[in-house]
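Below, subunit A partners subunit B and then partners subunit C, in two separate complexes.
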Partner chain A sequence: MTIVTGKAEARRTLQPGRPGVLRSIWEHRADYAYVLPAIAVMLIVIAYPIYYTIELSFFKTPPGLQLRDKTFIGFDNYTTILTSEVFWTVTWNTLIWTLGSTLISFVLGFATALALHREFIGRGVLRATLIIPWVISAVAASYIWKWIYHSDFGIIGAVLVGLGLADRPPNFIDNVSTVLPSLIVVNIWREFPFAMIMMMAGLQTVPDQLLRAAKVDGANAWQRFWHVTFPHLRNVSVVTILLLAVANFNSFIIPWIMTGGGPSNASHIWITHIYELAFGRQRWGVASAYSVLLFLTLMTLGYFYVRALTGNERKEGSA
Partner chain B sequence: MTRITLGSAVLRGTVVTALMASLMSTSALGAPPVDLNKWSPEYVRSIAGTQDFDTAADCAKVTPLDYKGRLTFWYQGVFEGDPDLLRQYYKDFFETFRKTYPNIQLEEQALTYNDLLDKFRTALLGNAAPMAVRLQILGGTEFASKGYLEPLKPEDVGYTTDDFWPGAMKAVTWEGVTYGIPTNNETMAFIWNADIFKRAGLDPDKAPATWDDVVKYSKQIHDKLGIAGYGLVARKNAGNTPYRFMPQLWAYGGGVFDEATANPTYEQVQLDSPQSKAALQASYDMYVRDKSVPVSALTNQQADNQPLFVAGQLGMMISHPSDYDVMLDLQKKATGTDKDKAQTVIDNMRYGLIPTGPDGKRAVVFGGSNIHILKPEYVEGGKVDEPAAKAIICMWTSPEWSLKMAYAGSNPGNLNGFKTKWMKERLDNIEFLDVTTSMLPYGIPFPALPQAPEIMNIIVPDMLQNALTGAMTVDQAADDAAKRVKELMGGL
Partner chain C sequence: MSTIAETASRDRTRRRMRVDGWRWAGRIFLAFMLLYTAVPMIWMLITSIKSGFAATQFPPQWWPDEPTLASYQKLLDPQNSVGQDFLRFFWNSLFVSTVTTILSVIVAVPAAYAFSRFSFPGRNFLFFAVLLRNMFPAVIFLVPLFILMRVLGLMNTHGSLILTYLTFGLPLAIWLLKGFYDNIPVQLEQAARIDGATRFQAFILIVMPLSTPGIIATAIYSFIGAWNEYIYAYTFLSKNEQLTLPVGIQRFFSENTTDFPGLMAASFMMSVPVVVLFLVLQRYFVRALTEGAVKH
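This part shows the complex of A and B:
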């Protein structure tokens, strides 16, 4: 969408024949010079690896040979992945992991933000305390939770057995059925403060006079939330959910440290599986094809994220 | 006392001859510094402290002590499961090297067993590898077969091939060329808590004779005392898993290939053989049927079993030579009544030979590490300072340092290390050391194939996990693993 301001229109009238894009670039040459180093770095550390990963995804890289001995095989790596039984197991795990972690973190963060938005004694302390899981290193958190969950002498097991609520410690991470939900709990514990902070920031933007007016008009708490607060938070909610989803798709540390994707692939998600294929099994070609699939998925999420971010600006610009 | 009977047990082993042949088959034992045919705890004691070595003088013949250079070096270092004693020796080594070669600028980096291979592979892809590397025994052939390593034999650093275990030399040889030098070699033994055995109604001074006994004992301990019987380890991507499962697999007569035979060809995959399935069934029986092993076995490593053992919550496990020292370290860190409990466990620690299979076959992984020099094109900066690399390799593989760096956790790769005064001191200080050295003749090297790391670190643990979680039956898990090995060997 092109928005032509009066000033720009005036300039165009003054200098007819100069192409608009080139003129714009020329006028902003100082801005481009400022961002040039960043663009150069991005081309080296982001664009080239992406290009190379895409290229490698079309090659067979036998584990017994060096990478330079690769052979072109077209889309065979993609076929291998998409016809592999493990891929679909891992994809299902990834969906459960991403959706479960994202949605529950968001709901919990939102609810906490609403609770902390009210004035009460100790609110500041509570806010600071709840942010702690988010600022703790994911590596440290993973090790701590590994011990909390430990199937033989974990803290939860010891408490449950000590209180007589269980005969033996529950099996959280050594069981194919419980391992993924257990890891999702850890991830939610780490992520919900992020959602909380985002939603708390969003809540500051809800006009107080609207809430007061709704109250005067007889709206109850739920109606005020649903008809006044929530619509104002729609954009920040979308952005928060998308950021969480992208982070969860890319989440590596918690599953890798706590279970290494096991037992029996039950906690493998795309990113851990790619790591194992590449660095553990040296299937660089297959891992690259897998990475391209992940990249496309994340780019799709990124597209919606950018749309959500710029949606308001466009609306404002059009107005 | 168990130790006294061990020497004769060594001689009685039914498959010792074949396995000895496997370990000692190369070079026809020209003039080895020790007589491997006489190997026994008594023989090891008799040669300890019989010869002095001057490491600096020996290495000066390889690289002059005033040599000026720069060396980047990665090594598999100490980790959380190692005793403090070993940490000190590692510190001492690098201090001594810097004093001996003050003009070599050494940039060393320690990595844990489980991280080293991944990081090294990645660095190689980017031509950013170090000039020299010390890898686990499993890694040598992988990198040699791909052409990353420079040929390197003991003679290049002032020793002879006969100075090293022939079985260990196989692990650094690819298509007839030697690409590295063994730094240390070890075999594990079996450890049990005599007090737990007694309370469970078992003979406190007798190790389980067979793996079937291990299954029975484990159940009995669990049923009577409510604690874990045997310390099963089945984590993926962890070296501990194959080191503990392969002895069981071989004892039952199974294998990945025919690596347990005197002259392996590695042509026939045997993971789906009835013998291999019987070994897997034994693990299944302990984990699923009897629930007599730690539930956390699927995510745990040996370092997690050590605290369980010292807390008196685990009856028996395959044990590293260093575990006695680890228990002492853990006991020192305990407080209050836990300290006394730990002391009771240490007082009741017993070491014995690893159990046999149903046919009397006893086996253990012949483990260790090797040191290698990289080709310049794969090294950061494109240059290898070969004299500097040879200087550190000469020192590490010397009789003195190959013994000291393996003081508590292994055995010297250089057989002359067994003759040093430090070996004598070690025999006096390290409890149960002669048990673990007694297992050396039963040692079977991992298949000397480039595919071995994936087989041992991923496919074998996957097989265990698939069976133990119920994701597959024992038969299916073994068949699946065999199929994956065949595909891997076929280049897929």
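This part shows the complex of A and C:
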């Protein structure tokens, strides 16, 4: 990866003694001007909110945003959350949502990338068509699918009835047991193209000579894939899966617009739940504590993300 | 002799059959994915040219008996209150997305260049801090930003959205562009500087033109992100005349829940700009990902 060389270099420049650091900061002062705008925006919009969320999570807050009247209550918000039943329902939903969406999107996207790797007539058009759902707004996607799932006039229900598989159109999103899988289908619809693009880009880096050499040695298609292509794509795969996992963990629009978390919390995931606590019920303190928990979970994922991004580096550094 | 030739040819046919097997599996799979992808979009288009009555039939009319563009006319007619709202949302979205795109290119280009070329202390820390932004959900920032925007007096302004959207686009933009700059040989710049160019001139005249595909990819990404963003717009804006498309459409159709053709027409028109933009410029995007993100 690209970051690779960076860290090694920096380590080298940093090595000569501690006192050198200040001088080297001074010597490079002009370089900071280039990153300053990016860092400034990030600080305002990221560092401050993170600090504020953590602070708020230890306070009992009155509804309305008269936050001056908050009172310190220690870890009470956290105990409230962890002992509530909703928390566990929502956590379970989040787990299914994130894992289901991520893995299926990745597998479908990867398989599509492989199937599109060979040249054939119409490949460009097909590829472009498959990418469109990723570009469409999630709000539009939610409405399109809400209409497709509609319990009276939905196309899926009509097809099922037409084929004699159901007496009347099933109600996909007003049913506790089908709502989450139905929403996952929508999410995958929007997300597999991302995995497809990433894996297509990855496939182009697999050296042709290796594949040809394997073919000469008598490896069949599956063996060539498993022993040559796949190992080459391991890093891309890890990065893609992590990006998908983070995006899914953080998704909001599809559940929010299609069901609003219902029926009876069956499609509430962490994000929609936090949103409802904060802006619906105005329980800012509890919502902040939830956010902090979310934050910690994501930090764990983030650790693996950075490890995956720098994985190459260490190997190259030692070589 | 003949037996060897025979086995060889049998071997070859068998291998061809094996390969054909994979190829057929691939074709069937692609056909399935095409159905999955295209059917919802086609159904959106078909519904959008139905009348309200035709849309609510069971079994559905697979193709409307009387196709009509009435929904589109209603949305695009500035005389009509629905059309007025829709066009205003459209312009709001266009304004916010364009400004966000321009600003994020202006901010990301120097930052990515610095991350690629200079080795100042804390570079890696800052780089990962920027990347980590991607990890955190909008909701975490929502409450504090809501308060921050009130303090800054940006509530109910497009400025609040532009400032926030900048930070979505930046991490990936910087990452992609850095990949590009890593690929441009330093020698090119050095040659220019020996010829008397300043670092800034070398950057503008040599590096910028070479990284155009990366800049275009960055711009598309920012534009699409800003165009489609919903949660901040939903939280920060409350005045009807300032809403962007996703929120405007959601608010409008939560009041008119049965106008499915209108909803589908609005969804279609909301998708057109980004889809066209993406299809025209997609080769840059795929190239940027290949060169920037997944380079070995």
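Note that in this section the second predicted complex is superposed on the first by the 293 of 319 C-alpha atoms of A that agree within 3 Å, B and C clash if a C-alpha of one lies under 4 Å from a C-alpha of the other, contacts with A are read in each partner's own complex, and residues count from 1 in each chain.
Note that contacts are C-beta pairs under 8 Å (C-beta built on N, C-alpha and C of every residue); 3 or more make two chains touch, one makes a residue touch a chain.
Given the structure is predicted, the values throughout are model-derived calculations rather than measurements.
Enquirer: A:S137 in the overlay: touching subunit B, subunit C, both, or neither? Say first, second, both or neither.
Expert: second
Enquirer: Scan A:I173 for contacts with subunit B and subunit C and give back first, second, both or neither.
Expert: A:I173 sits against subunit B, while subunit C stays out of touch.
Enquirer: Looking at subunit A, does subunit B or subunit C touch a larger number of its residues?
Expert: C
Enquirer: Which partner does A:T259 contact after superposing on A: first (subunit B), second (subunit C), both, neither?
Expert: A:T259 contacts subunit B only, not subunit C.
Enquirer: Figure out whether A:E276 sits in contact with subunit B (first) or subunit C (second), or with both, or with neither.
Expert: In the superposition, A:E276 contacts subunit B only.
Enquirer: In the overlay, answer first, second, both or neither for which of subunit B and subunit C A:F153 touches.
Expert: both
Enquirer: Is there a shared patch on subunit A that both subunit B and subunit C touch, and which residues make it up?
Expert: Shared contact residues on subunit A (touching subunit B in one complex, subunit C in the other): 65, 67, 150, 152-153, 169, 279, 284.
Enquirer: Quick one: in the complex, what on subunit C touches subunit A?
Expert: My answer: residues 15, 18-19, 22-23, 26-27, 29-30, 33-34, 36-41, 43-44, 47, 55-60, 106-108, 110-111, 113-115, 118-124, 126-148, 150, 163-164, 166-167, 170, 174, 178-179, 182, 224, 227-228, 230-231, 235, 245-246, 249-250, 253, 260, 263-264, 267-268, 270-271, 274-275, 278-279, 282, 285-286, 289-290, 292-296.
Enquirer: In the complex of these two chains, what residues of subunit A are touching subunit C?
Expert: 1-3, 5-7, 9-10, 13-14, 21, 24-25, 28, 31-35, 37-39, 41-42, 44-46, 48-50, 52-53, 56, 65, 67, 108, 111-112, 114-116, 118, 126, 128-133, 135-141, 143-145, 147-148, 150, 152-153, 155, 158, 161-162, 169, 189, 192, 197-198, 200-202, 204-205, 220-221, 232, 236, 239, 243, 246, 249-250, 252-253, 257, 271, 274-275, 278-279, 284, 287-288, 291, 294-295, 298-299, 301-302, 305-306, 309
Enquirer: Applying the document's contact rule, which stretches of subunit B touch subunit A when the two form their complex?
Expert: 118, 121-122, 125, 145-148, 228, 234-238, 294-299, 308, 311, 313, 450-451, 454, 457-458, 461-462, 465-466, 468-472, 488, 491
Enquirer: Enumerate the contact residues on subunit A facing subunit B in the complex.
Expert: 62-67, 146, 150-153, 168-169, 171, 173-176, 258-264, 266, 276, 279-282, 284
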